[in-house]
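Here is the structure we will look at.
A, B, C and D are the chain letters, set down in written order, and residue numbers restart from 1 in every chain.
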Amino acid sequence: MMLLAAPSIDMPGWLASIIGLVAITLVMTVGVAYATWYERKIIARMQLRLGPTRVGPFGLLQPIADMVKLLVKEDLRPATADPVAFELAVFAIFIPAFIAFVAVPFTSDWLISPLPLSLVYLLAISGLSFIGFLMAGWGSDNKYALLGGMRAAAQLISYEIPLILAMIGVVMVTASADVYQIILFQDRIPLIALQPLGFLIFLTASIAEVERPPFDIPTGESEVAGGVFIEFSGIRWSMFQLTSYVNMYVFALLGAFVFLGGWEWPFGRDIGWGYQLLLTVVKMSLFIFFYLWIRASFPRMRVDQLMSYAWKVLIPFALLQIFLNGLFIVYDAPGVVLAAASAAGAAALAYLAFRSVRRGEPRKPLRMVPVRATGAPARSAT
Amino acid sequence: MLGILRSMGVTAKVMLTRKPVTIQYPEVHREIPNRDRAFPILIWDEEKDEPFCTGCHACERACPVECMTVVMKDNPRHATGESKRRKIIDEFWIDYGRCMRCNICVEVCNFEAIGMNNTWAGHELSRYDRSQLVFDLDQLLSQSKAGKVEPGLRA
Amino acid sequence: MTLPEGQEPDATSDPGATPEAAAPAPEVAAETPAKPAAERPVRPAKEAEPKEAPRVAPPAGSINETLAAAAPGVVFNAYMVPEMKGECVTVEVSRDDLTAVMTAARDDERLDLKYLRCLSGVDWQDEGLEVVYHLWSFTKKHSLQVKTRVTYDDANVPSIATIYPAADWHERETRDMFGINFEGHWNLVPLLLPEDMTDHFPLRKDNPLQEIEEWQGENLRDGAGEGDE
Amino acid sequence: MVLERDPALEVVDMPINMGPQHPSTHGVFRMVLVVNGEKIVDLVPHIGYMHRGGEKLMEAMDFRQGIGYCDRTEYLAQFSAELAYCLAVERLMDLQVPERAEYIRVILTEMNRLSSHFMFAGAFGVDAGVFATSFTYAFPQREFLQEVFEEVSGDRLMYAYFRVGGLAWEVPDNFVQRVHEVLVHSAQGLKDIDDLLTKNEIFMARCQNIGNFSADQAIAYGLSGPMLRASGVPWDLRKDEPYSVYDRFNFEIPVGNYGDVYDRYLVRMEEMRQSISIIEQALEQLPPDGPIVPEKMPRRLRTPPGEVYAKVEAPRGEWGVYLVSKGGDKPYRLKMRSPSFCNLSALRDMTIGQYLADAVMILGSMDIVLCDVDR
């Protein structure tokens, strides 16, 4: 297996890893910058707007301009903030997001470090960021930030569970906790067909994990006015934003690998690394597009609804998926049966998501009180 | 679920089928209607080659925010017989920072001497200093003198 | 309890036929633009001719009779203002009776005036301060205008915020603007004005709007001072 | 053994200052929320940041000058405010407004209701957390409406078009056709927002059963307009105390059953449909020509002494003007009964016990205009 950034030179593995990570960090920084451009353009089109047009052709240089602006902006720290927590919060979020890439196989050859439990590693690392949110929320000495930090911690931990449970289902089917092996498993059929319920749970939980609408309550603009990021400015703020986009990439990649077959499906692994990379990027972009689409379409959930959705809907269904997978493995049923059962579960989840919101009796429609014209009809002009 | 899908449907439909409504403002100016009310300007009498305004103070009196200051003088061209106006405007200031563009000055004017600017030049009046927003007689007349403005709303 | 002059209910006149309204006021003549601009008529230099609004007695069977039955023992003076097109009967009550009248108006089934539409203060200068309540009934579709009047020195009116919660902010606003102290209001702190502005009542007539405006006008005329900051 | 309780670990309620600069306070409104976790224990609203002494200023303005100030008070429903003011003065002066002027007033006021409710729908979606999509669907439509207002009155926001006795000047020749065009756009925008929000389960979950107000409460607190109708009181000044020519149109008044935020939203959306219908009827009945000011219009507006309370059904509720005149050309006292002010006074009792995020929704559902609150 060839390692990224160390194709032919003989160098120690740790050095290769560091070089690879630095390379990925640089690439991802630019990638994130352009993800913002992509997001702004797509959402603008959904909103009858043009999006960035001024800087460069089609506004293509807008991310660069934004970056320069953010870098030269004054970096403020509130006088009453906890200096340690405030300064370190950025890194507590930033570092886990980037070291997740150690285990991401971009193509069949491009992988920094082959880990036997890379799926576990990815989930564990991405779950670390809540510490940073708590630090930022507490350290800012701002009540909005505190609320945001608490919300972030509660949300991240709650949605970690259905996410991991959905992944356990995948691991049961593929009998491997290595993303690489999971991709190889999907040479004929992607896991989304076998595990629609798991996919739905993953999709929902991953949006919550990256804190994007409609699960963006930690940073909810209209309630807590930026939440945890409220006191951050300049480079620090941009690092938070960068991290949230990088997290989005990580989960989009994870979804592309685990459920859409990564670079393996549908063309097999012999198409060369260029096409593999393209396939990965296309599948990742599908996920990202979905995140953007959701963002432009949905209102934000309320904190109690968010929590009850995780605990009362997603987790039971994730357990149901595990149970179904167990049945499948024990009785060695054909994959079609599993797919059908999981799809039924997915439909039930969708229905329940619809029902759980509309608790109680159906609402009565508005009463319409008619008003009939009593006055004289229009007189002719006097 | 259906409502969620409907929401996603409408955004997707808008993205695919509709054109953005944005007007790229500094390059593209929206066409403004004829009776657009920007800020009041004074109107130049092309025939007599002097302003219509006689300085009668009607607008100054009617102005709700008192943004106008009018000084009148004897018209020197009346003595020579060039003009029928016995009195003419000497000094005229309008503080555009104070003006609320209510059109009352135009309504009360007996000589059609004041009108609301209906061009983009009447809107794009950003200044760095508020004192620069106090326009004097020459500034108020310049647009009409150059024939650039034909106010749509006149008393 | 001071009552204004001329509020005998027989002072009737047709408002549309008053000579002031019909006669066109002198305008600046179009032919003679040389009119000197010495005085600035924007200023209300002379007070408007002292006249009282024409008031008529409400027709028989009006709401004031119901009110008299609903709130026995309350002395009030009922009249109508023709301009209000007959839709609103006004009763003037003393402030001591206000709570009784308001409670009766809200709770009596014949009145059922559950809705406090508006609460205004009026400064009648020499004749004191007046509070005007507009009430409306959704079920009976009738309205009532209640007025009470106090003097400057003793500007205390019982609060009706417990009877009509809608009066809460209106009373606070009226206190801000007119300095009328609504006794019994649970939270009579300045609402629209700054918290510390408790001794200055902008909407009273003795408040110098004119001077401020003139000062600003002077400032403008010099062409200076506008861009100084 | 009883554990000693550390006083530092005592659970205390946390006051949060929301506003005056906050994305969802719709202007410079400040409320101090006392929260226990995410639940609101107490709320203290603070208004007055925009107080400009409008009532005092209008005492120094004559009746024509005052119209411009009405616009600036209620800057989302300018025509309604102007109409209330003009009605008050017309009643005092006993002026009969010509037919054509009345119809044009109705058309413009209803269009103004559309534009105001578009503003509400857009901003309310953003309050609910839609990333500005509802806003960008509502605003182009509002823009089309404003273009017509601009063609008619010359200004996009501060129209100052109604006059005591009628209108300031004639509408343009293509007015009827332009209104028809714009109504098509409005219906489209209404459908967009409807599709985006109304049936969205997240939106429903956010809106339903918060900020409930019963009919009795709503009446006691002096709510008006959509807030009152959502609480189940079928009361609309256009129906109950018709002014202008509103008694000549067939329309329906939407009345809610629950009095919650969702009902207020639905009522407003339905009102927009009814407004479109009213405008279409008015365009049909509009006399093709005729005077727009009374024939016996006095040169200078002077009222006899008297007092009058005129009110119109503005988009936010009853916009009333209590005008006291001592004769002359200026009001002696002018009280603007603004619906935003009265509706906002119920905020505290609606919000206590709800979640923090709901406070934003409840405030958004009131659709306040802060200039109108503070005047």
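By definition in this document, a residue touches a chain if its C-beta (ideal position, glycine included) is under 8 Å from a C-beta of that chain, and two chains touch if they have at least 3 such contacts.
Treat the numbers as computed from the prediction; the structure is a model and nothing was measured.
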Chain labels contacting chain A and also chain D: B
Geometric centre: closest chain by C-alpha means: D
B-D against C-D, pair bridged by the larger set of C-beta contacts: C-D
Inter-centroid spacing, chain D versus chain B (mean Cα positions, whole Å): 29
Length of the line joining the C-alpha centres of chain A and chain C, rounded to whole Å: 61
Intercentroid distance (Cα basis), chain C paired with chain B, Å: 38
Chain C-chain D separation of Cα centroids, rounded to whole Å: 24
Two or more partner chains touched - positions in chain C: 213
Contacts with 2+ other chains: residues of chain B: 1-4, 7, 10-11, 14, 21
Where chain D touches two or more other chains, by residue: 133, 137, 140, 196-197, 200-204
Chain A contact footprint on chain B (complex, rising order): 1-4, 7-8, 10-12, 14-15, 18-22, 24
Chain B contact footprint on chain A (complex, rising order): 42, 44-50, 53, 293-294, 296-298, 350-351, 353-354
Chain C contact footprint on chain D (complex, rising order): 47-48, 51, 53, 55-57, 59-60, 91-94, 216, 219-222, 233, 235, 240-241, 296, 298-300, 302-309, 311, 318, 320, 322, 324-330, 332-333, 335, 337, 341-342, 344-346, 349, 374-375
For the chain D and chain A complex, residues of the former touching the latter: 14, 16-17, 22-24, 38, 98-100, 103, 125-133, 135-137, 140, 196-197, 200-206, 208, 232, 234, 236, 238-239, 242, 245-258, 262-263, 266-267, 270, 285-291, 355-358, 360
Of all residues in chain B, those that touch chain D in their complex: 1-4, 6-7, 9-11, 14, 21, 32-33, 35-37, 62, 64, 100-104, 107, 116, 118, 152-153
